Amino acid sequence: MSTTEKKYAEDYTLQELLVAAAAREIKDREVVFVGVGIPCLGALVAKLTHAPDVILAVESGCIGPSPYRLMLGIGDNACVENAICITSLWRAFSDQQRGYFDIGMLGGAQVDKYGNLNSTVIFGGGSYEKPKTRLPGSGGANDIAISAKRTLIMMNQQKRRFLEKVDYITSPGYLDGPGCREKYGYPGGGPAVIISNMAIFRFDEKTKEAYLDSVHPGVTAEAVRKEVSWDLQVSPDLKTTPPPTNEEANIIRTLDSQKVYTGGGLKNLTFENYIKMLNSSHEKIKVMFE
Amino acid sequence: MKEEDTKKSLDKRMTLREAISKYVFDGCSIAFSGMGGEQVVAPTYEIVRQGQKNLTLMGDSPCEVGDYLVGTGQIRRVEVAWLAFAVAGVSPNYRRAVEEGLPHKIEVREFSNYTMGLRFLAGAMGLPFMVTRSLAGTSLEKYNDMIKVIEDPYGGKKVALVPAAKPDVAIIHANRADILGNTQFIGFSSNGENIARAAARTIVTCEKIVSTDEIKKAPTLTSVPQYAVDAVVEVPFGSHPWNMPYAYAYDLPFHMKMMAGIDTADGFKRWMDEWAFGCKDHEEYCEKVGWARLKKLAQIERKFCKSKL
Amino acid sequence: MSTTEKKYAEDYTLQELLVAAAAREIKDREVVFVGVGIPCLGALVAKLTHAPDVILAVESGCIGPSPYRLMLGIGDNACVENAICITSLWRAFSDQQRGYFDIGMLGGAQVDKYGNLNSTVIFGGGSYEKPKTRLPGSGGANDIAISAKRTLIMMNQQKRRFLEKVDYITSPGYLDGPGCREKYGYPGGGPAVIISNMAIFRFDEKTKEAYLDSVHPGVTAEAVRKEVSWDLQVSPDLKTTPPPTNEEANIIRTLDSQKVYTGGGLKNLTFENYIKMLNSSHEKIKVMFE
Amino acid sequence: MKEEDTKKSLDKRMTLREAISKYVFDGCSIAFSGMGGEQVVAPTYEIVRQGQKNLTLMGDSPCEVGDYLVGTGQIRRVEVAWLAFAVAGVSPNYRRAVEEGLPHKIEVREFSNYTMGLRFLAGAMGLPFMVTRSLAGTSLEKYNDMIKVIEDPYGGKKVALVPAAKPDVAIIHANRADILGNTQFIGFSSNGENIARAAARTIVTCEKIVSTDEIKKAPTLTSVPQYAVDAVVEVPFGSHPWNMPYAYAYDLPFHMKMMAGIDTADGFKRWMDEWAFGCKDHEEYCEKVGWARLKKLAQIERKFCKSKL
């Protein structure tokens, strides 16, 4: 055990731990429908570590890129870089609906115990038409939630975000519980995991409810339960989330040297530093792929 | 001019100003290509300059074109999947319009990226609607009367239907086209090839106009054949600050500056004064951004992705 | 008139006249959905004479080829030659359904007065399941008949082929007459012309019935009426079909020097003569396109 | 082996004999790519050699594969748009089967090329059915219970529906593929990209196996990505006597010889004895045709169409 432990980075940040946690949800040779941010970085880390033959796919229609840089969006040029197939949005989603995509990545402003996600509107006393907070909407999330074989959800851990029932179901988890996805013939299996800034949740096979499976280092189960609105079940075999390895941390810091995804780097990003990040990423990542 | 005649023209070139003023009219429905990149930005600024009103925007995930035209009050209704700026941030004008009715209320009909894609596919195919596994059982179905859920006539489970999208005008931005309108994306096409066909009138803007002989060297790249196109406009850097595959990298720092600029209603007005009305056309916009900066974005992109074309 | 007449070839064959007649139905800049045989050759002749900017399209998914040879099928390599767009079958047909294709070309074993075509089964006392003669079936004909803006029909003139009612409607013309196409929302306008080995028929705008518009040189209206099963109307302005011009005849003989389409050359075609035909066509047609 | 495992294999190469015997089974439904050219001929001869029975053929306009397998009695049912040999002639075995029940009766469900294409598109998209403007009001609708006509739920006129085609096995013949299964047509793809996806198991035969690096040089050409493919077989001249775009010209004289050969039931049997059972594999078939002749067909094609790949 000690030799394994030694590989872990000592100076990692919470964001880096989340990237690594997302990366480990991905198995080699899987097809991963990636979005923007932490999970996308996780997919790149997976590809550069334990899952070299993972196939990334994005909504704009790019399949299987091996980019030498961070993907800054689902239609960033990084998505066409060394791709095995470049096609259209409708075709990529159709391939997902056909059942070819193993894992999709989702986020939202609210999640409930059945893994239903809201990224559309926070009513906040108002209504759909006149909400307190208008969010961006589904994008491809509804489609991913319905058709990816399984989904990974990334959320901020707050009681007002982990709800008994979300205001609006943008992306269905298990809807009202067991049997609901089958009723509508959803091709995909539903959510497999929620990764928050405090913990990792998985879903009970029978009840379809999210339970606490792992707490991040330094976090207690009790602290997590306080930030969840339903009566959260805890795994009898509660784990502690392993930190990123040195290798993972190194890749994360190379791809995102300006902390666009893994820190507050975005707001003060200068053109000079941005070009510098691209240049150094090109140099260093190229070597890793070859 | 009749649709027949413009689609059969042997030279469809015009300026961006001409194309927009000829085909974008008050009260029309309009759609744009692009998905998380390849956004149709230069035409958006031109529509702001020209001020067409009461527009219905049909789109998957429009960025500038959605946020700006909602902010200027030119949009009456949106049929979209998502409205924001991806990694750069959320859509401040969309939020103001829905939450506070500023500058005025807008009608919203929400779909997902795939089902908007299917609506354009149906429009492109001349079909009344398309079937999908998405939407059924979610709040999108509940709050959107355009989505219908039926029993599968072949004895299966429930399936959702979405109606064809047939905008009056489409503007798609591609890598290259010839003067006849044969249009090629060297990278991904998002929903471009279907949006182009779904619309009654189609404006192609492109990074570069090339000869028909060049088009014929890579005929499988032609996503939109000439018979679906009414106007061709050469607009280099037409997606800036977004990226264009095989052409230039994303100008994320510029985007962040823009996001800070348009955060408030006043700020948005100032940004429009400076970047839309303060530039008489896209060429002046590019000058203002700085040709050296744009060139750098093209240069760095060649390091990552080189096209053989 | 005499200068115009002089252009006509003197030693033309009936097949060549049919090719020329088909070619003249095509206007410049039109999109033409072509099949195999005489009409296809007609489309190539049109492109090399009065309609240089015609766009040929074929079912395999090739749009706008300018081949230096005869197209021997809808998926022949000639169809990809100098094409402006190469795509898929479903996309080509979808573009037709969307309304982009001006003219489609059809043939069949039976036609009726409303331009309905049968290329599926001749009952001959039998039934659909057990017919006297089984024919190839629709192929793309049903789709072309429904969605092309107008269609050109090519038929052998025989009483048993020009019927009051066909056994089986593979490709709808005007079905049972005025208003029928509208009932089903067919995107296309229906048949514009029938070219037979004896005559040219067009359709009455009101009744939607085929009438005799032109007889080929040496053929009388009476002879045609004998080979039609319904009470054929004759245009008060009955014309004589003009023969091919020298230019047209020259192109036909270059493209089809072995008379694959325009004579009995197919059955005895040797490999040597076939390669010779391709070689000489390449040389001579190339010059015409340039 | 589970579908998951074969589709995720990193080396999908096998011989044609292995691929056919592994995935084509008695009673299965099967589909092939090609349209008026690019026909899947070599695998057809191999299926004749192996003798799988009670097949259901789903196809748009199959040529050898339809006529031969009907003639050998291996087909029980066809769902097709057309069965013949185009310029070369009609389909003698299909005629014998329908008109005389020889060698036995077959079930026939008829569609059009487009609507078979839509059936494969629906299968490829994981949808239960597809809408079309074709078919309604014609005899195809009347004699085929798989076609349904409904009122458009969006208030329009009648529209026809066709059910998804989901064959057990698909065999598509393309210009090139890598060992992972990334498949590229340099010319048209007919319905190939959808047939490949519609099937549970997909065999790609190709003129040439190339490196993944070669595939990545033209990623927009990849019509079928590796995740939709179970087996990859290199079969040069796999479409002979048909043409293959950018590879070899149509061998029309050979086709005419074949047509004369199979005109009668006895003749057909002799032809099979000679060209299917008389050759142990496709290599022997090519030798019998003559490599010099095949080379000539490739040579003449390069004169007309040169690919940069």
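Going in written order, the chains are labelled A, B, C and D, and every chain counts its residues from 1.
The definition used in the following text is that a residue touches a chain if its C-beta (ideal position, glycine included) is under 8 Å from a C-beta of that chain, and two chains touch if they have at least 3 such contacts.
No experiment lies behind these values; they were computed from the predicted model shown.
Engineer: Go through B-C and A-B and name the pair with more C-beta contacts between its chains.
Structural biologist: A-B
Engineer: Approximately how many whole Å separate the CA-defined centres of subunit A and subunit C?
Structural biologist: 57
Engineer: Compute the distance, rounded to whole Å, between the mean C-alpha positions of subunit A and subunit D.
Structural biologist: 40
Engineer: Please compute the C-alpha centroid of subunit A, do the same for subunit B, then give the distance between them in whole Å.
Structural biologist: 27
Engineer: Could you list which residues of subunit C touch at least two other chains?
Structural biologist: Answer for subunit C, listing residues that touch two or more other chains: 80, 86-87, 94, 97, 147, 187.
Engineer: What are the residue numbers in subunit D that touch two or more other chains?
Structural biologist: 126-127, 132-133, 156, 159, 187, 220
Engineer: Mind listing each pair of touching chains for me?
Structural biologist: Chains touch in the following pairs: A-B, A-D, B-C, B-D, C-D.
Engineer: Quick check on the complex: what are the subunit D residues that touch subunit A?
Structural biologist: 8, 10, 124-127, 180, 182, 197, 212, 215-216, 219-220, 222, 225-228
Engineer: Mind pulling up the subunit A residues that touch subunit B in the complex?
Structural biologist: 36-37, 58-62, 67-69, 72-81, 86-90, 93-94, 97, 120, 128-143, 146-147, 168-172, 175, 180, 183-187, 260-261, 266-267, 269-271, 274-275, 278-279, 282
Engineer: Taking the touch rule as given, give the residues of subunit A at its contact with subunit D in the complex, in rising order.
Structural biologist: The contact residues of subunit A facing subunit D are 29, 31, 53, 55, 63-64, 80, 82-87, 94-95, 97-100, 147, 187.
Engineer: Contact residues on subunit B for subunit A in the complex?
Structural biologist: 34-38, 60-61, 80-84, 86-88, 90-91, 94-95, 98-99, 108, 110-115, 117-118, 120-121, 132-140, 143, 156-159, 187-194, 242-246, 249-254, 256, 293, 296, 300-301, 303-305
Engineer: Quick one: which bits of subunit D touch subunit B in the complex? Just the residue numbers, please.
Structural biologist: 122, 126-133, 148, 150, 152-154, 156, 159, 161, 163, 185-187, 217, 220-221, 308
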